[in-house]
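A short write-up of the structure that comes next.
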Amino acid sequence: MTPRRVNTESWPVRLLLCVLALGFLFFFLGLPLLSVFVEAFKQGFGPYFEALCDADTRSAITLTLVIAVMVLPLNILFGLSAAWAIARFDFRGKSLLITLIDLPFAVSPVVAGLLFILIFGRQGFLGDWLGAHDIKIIFALPGMVLATMFVTVPYIARELIPLMQAQGRDEEEAAVSLGASGLQMFWRVTLPNIKWGLLYGVILANARAMGEFGAVSVVSGHIRGMTNTLPLHVEILYNEYNSVGAFAAASVLALLALVTLVAKTIVEWRMAREIAMLSADLSIENPAVAAKS
Amino acid sequence: MSIEVKNISKRFGNFVALDDVSLEIPTGELVALLGPSGCGKTTLLRIIAGMESASAGTVMFHGEEATNVPTRERQVGFVFQHYALFRHMSVFENVAFGLRVKPRGERPSEKQIRERVMHLLSLVQLEWLADRYPSQLSGGQRQRIALARALAVEPKVLLLDEPFGALDTQVRKELRRWLRHLHDEMHIASVFVTHDQEEALEVADRVVVMNKGHIEQIGSPDEVYSAPATPFVYRFLGNVNVFRSRVHGTWAEIDRAPEPGSKDEALAFVRPHDIDIQREASADALAARIVHIQAIGPQVRVEVEHQGEIFEVDLTRERHEQLALAEGETVWLRPRALRVFQGEQLVDAQTFDLGAGI
Amino acid sequence: MTNSRKHRVLPGFGLSLGFALVYLSLLVLLPLAGLVAHGVHMSFADFWATATTPRTLASYRVTFGCALLAALVNAFFGLIVAWVLVRYDFPGKRFIDALVDLPFALPTAVAGITLTTLYANTGWVGSLLVPLGIQIAFKPAGIVVALIFIGIPFVVRTVQPVIEDIEQEIEEAAATLGATRWQTFRRVLFPALAPALLTGFTLAFSRAIGEYGSVIFIAGNMPMVSEITPLMIISKLEQYDTQGAIVLALVMLVISFVLLLAINLLQWYAANRHTQRHSERKPA
């Protein structure tokens, strides 16, 4: 019969809110996730694995991996460069640059694909020149890589910029004053400090790169076994009423999504732990530093 | 309205925050809950406010059981250490909040609200800040607004949790005086929590000294300072010299190691300003060598060494000039007032014996 | 100019900024400028005629209407989900918390075919709704369902940290002043959450406007009824009507940018209202 705590709702309200929240998540997240696997295994394991071993599906998986492998290193390099310049130096137009990095989030993926057709397509700016030299970008791998790069530009930079701004430049300045070269400073001081944030950005960028549909769809040309990524292949199979095939391919992507979520959760946990450890250390040794940061 | 706390206990898991605490606060009194951090003083205040529920015991407001009354019906004004102002509301709206959330029937008209808020703001001398937002105020101004906000609903009881803890010394001093003044005008029961002994002694009518979840002593500021009930109170309220002693009934031998195996071990407590220094030996004095002399404000602190231990003596400047002490010389210490404790228990000693131990 | 001449201690400023600018320009800015350049070359009359045919106007209505509705639903439920995840304890909370990010991780095409199967008349959810006379798949309602799915994490993830940061004392203060729980929420907590909620709403809304993959399967894509603008761009491209595609793309770009700008300004105003308004006044 103790009075209820000040900062909480009465139990009927709590129950109502829980039911609303969990019901909403169940209908919009839980059920779809469950149904991917149910649909994929509807006719048993045999047809499922048969569908997965289909040559076109296998080549779609390969192409998806190839694109991700080509896109990620460039985006990592961009993310590191942009974050280094923005978080470690003061220059004019910095906030404009931060806004521009987010620009691809505001552009529809379909429009993103269109942008590259306008440049490299047959009637595009460079269309004639590319045709004369027999270089194929649209409806080929380079176009798909470009489109994927476009939509994944912000992910890594967005994680690194606030992280590095929060960490400040003291440690790197100390390293340089102790005689470290730029590369030594980067490998020994900067990278260890940002590795979890970087990994977090890479995980998100990778999920988007492997799952991108709209932008890649516009520039792919949908040539089976050639320019078909796994998400595009899902569409083709689905439109051919090959439900098991479509959901088998979809289940691979859903599995990838689950792996992404697990990896993301682990990295978040590690980051939180590291931050807690670092701030605890600092506040014991030097309260002034901890308070300032 | 009076507050009565009866046999309150509070446990957090295995940790006992409050252990059978009872306390009575009549209307019109300003009471300080004083103690080191973790002694349970804030927990007690939160239980009185209804923000924490006690594991056992009852809270009475004016003779009526209030243990299960929810916070918002208790009519307590609560002032938080970090102000807890609503940052998206102007100063005016912060103070008006308690009036605006009253049930429709009791809610004052817009005109009455305006008058009441402006009256309170003039009471805390901050009418000119009515349109500002909390982020634009200094710490002292924020705490005064927080107080005005708490007083707006005409609380029967005012509770303040380390109200000046986050402010710098200068502001703190000013606000103390001002709190005392405000309390006298309101004629309600006020309780404030503090770990600053000076603050408690200066402002409160009564001081409740707490330690490890129980009350060590309740008394007027003079009582708790001059006649501490326990060794803890002695140590917590100001500096004190401690001499090993032994007691036999009403006869206390000061500065004597206890005899092995006997139960006569005791400690004698003397405040530094209750010791006089003299140049000649006497039966009620201890020999000591002067180690260090330093003037601190109106007083002169003399550190002396006696049998390998350092003791402090505070002299007035006049007395110090009179004696013309020098570091290194041997002098005699004569306690004017001392209290002897056996464990936690005050010994009713009549005769003190110091001389023979040299 | 004095600042830019300042001696820099750390190395790599020129290299890192240079690479970032070149990369961003080649990949994002120049292509966008190209699109705008195409648009400028058109006569205004042509542009206007293509941008305002009844079918395109209907597609704007569907796109922005459904996105708005989905973002509103997400704002409502997202707030509740964030509240429940921060304030209440229940078994499996960590799992559910991680699950909220599923729409970020699950490819949109997978979401599209799954939601379509679920909400079709024979699907798990659809078959429950058919007897009630409600049809979702292949109707505008289906678009809203897909866009709700896409937008869930945006609101939850922007509001969640703000709820975590609310000091307990603020609510206690309201309680000691006599406010009921509902009054505390409406007058104290909600105003504190509103800017984050608006941000989350904006993000979900702008994502929903451009969404393609998850929508096309469930929409039915009926011209004038359930055809979204991104799909019209694609069909124009497939008919080699590049000009038409450019016009629609420009319209979408402009509307999204204007919306983002407007809401950013609103947010800036909300964030600065309490600190800037009186700063010009001197204390008396």
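Think of it as A, B and C in the order they're written, each chain with its own count starting at 1.
The rule we apply is simple: a residue touches a chain if its C-beta (ideal position, glycine included) is under 8 Å from a C-beta of that chain, and two chains touch if they have at least 3 such contacts.
Since the structure is predicted, the reported quantities are computational estimates derived from the model, not experimental observations.
*Asks:* Name the chain whose C-alpha centroid is most distant from the C-alpha centroid of subunit A.
*Replies:* That would be chain B.
*Asks:* Look at the interfaces B-C and A-C and say which one is made up of more C-beta pairs in contact.
*Replies:* Per the contact counts, A-C leads.
*Asks:* Could you please state the distance in Å, as a whole number, between where the Cα atoms of subunit B are centred and where those of subunit C are centred?
*Replies:* 55
*Asks:* At what distance in angstrom does the C-alpha mean of subunit C lie from that of subunit A?
*Replies:* Going by mean C-alpha positions, subunit A sits 17 Å from subunit C.
*Asks:* Give the residues of subunit C touching no fewer than two other chains, as numbers and ranges.
*Replies:* Answer for subunit C, listing residues that touch two or more other chains: 172, 175.
*Asks:* Two-or-more-chain contact residues of subunit B, please, as numbers and ranges.
*Replies:* Where subunit B meets two or more other chains at a single residue, that happens at 51, 70-71.
*Asks:* Could you list the positions in subunit A whose residues touch two or more of the other chains?
*Replies:* In subunit A, the residues touching two or more other chains are 6.
*Asks:* What residues on subunit C touch subunit A, complex-wise?
*Replies:* For this pair, the touching residues of subunit C are 3-4, 8-13, 15-17, 19-21, 23-24, 27-29, 31-32, 34-35, 38, 77, 80-81, 83-85, 87-88, 90, 94, 96, 98-111, 113-115, 117-118, 123-125, 145, 148-149, 152, 168, 171-172, 175, 181, 206-207, 209-213, 217, 230-231, 233-234, 237, 242, 245-246, 249, 252-253, 256-257, 260.
*Asks:* Which residues of subunit B touch subunit C in the complex?
*Replies:* On the subunit B side, the touching residues are 49, 51, 70-78, 80, 82, 84-89, 97-98, 100-102, 128, 131-136, 146, 149-150, 152-153.
*Asks:* So in the complex, which bits of subunit C are touching subunit B?
*Replies:* The touching residues are 167, 169-170, 172-180, 183, 187-188, 191-192, 274-275, 277-279, 283-284.
*Asks:* Can you list the subunit A residues touching subunit C in their complex?
*Replies:* 6-10, 13-14, 17-18, 20-22, 24-25, 27-33, 35-36, 39, 74, 77-78, 80-82, 84-85, 88-92, 97, 100-101, 103-111, 114-119, 121, 123, 125, 146, 149-150, 153, 169, 172-173, 176-177, 182, 185, 204, 207-208, 210-214, 217-218, 230-232, 234-235, 238, 243, 246-247, 250, 253-254, 256-258, 260-262, 264-265
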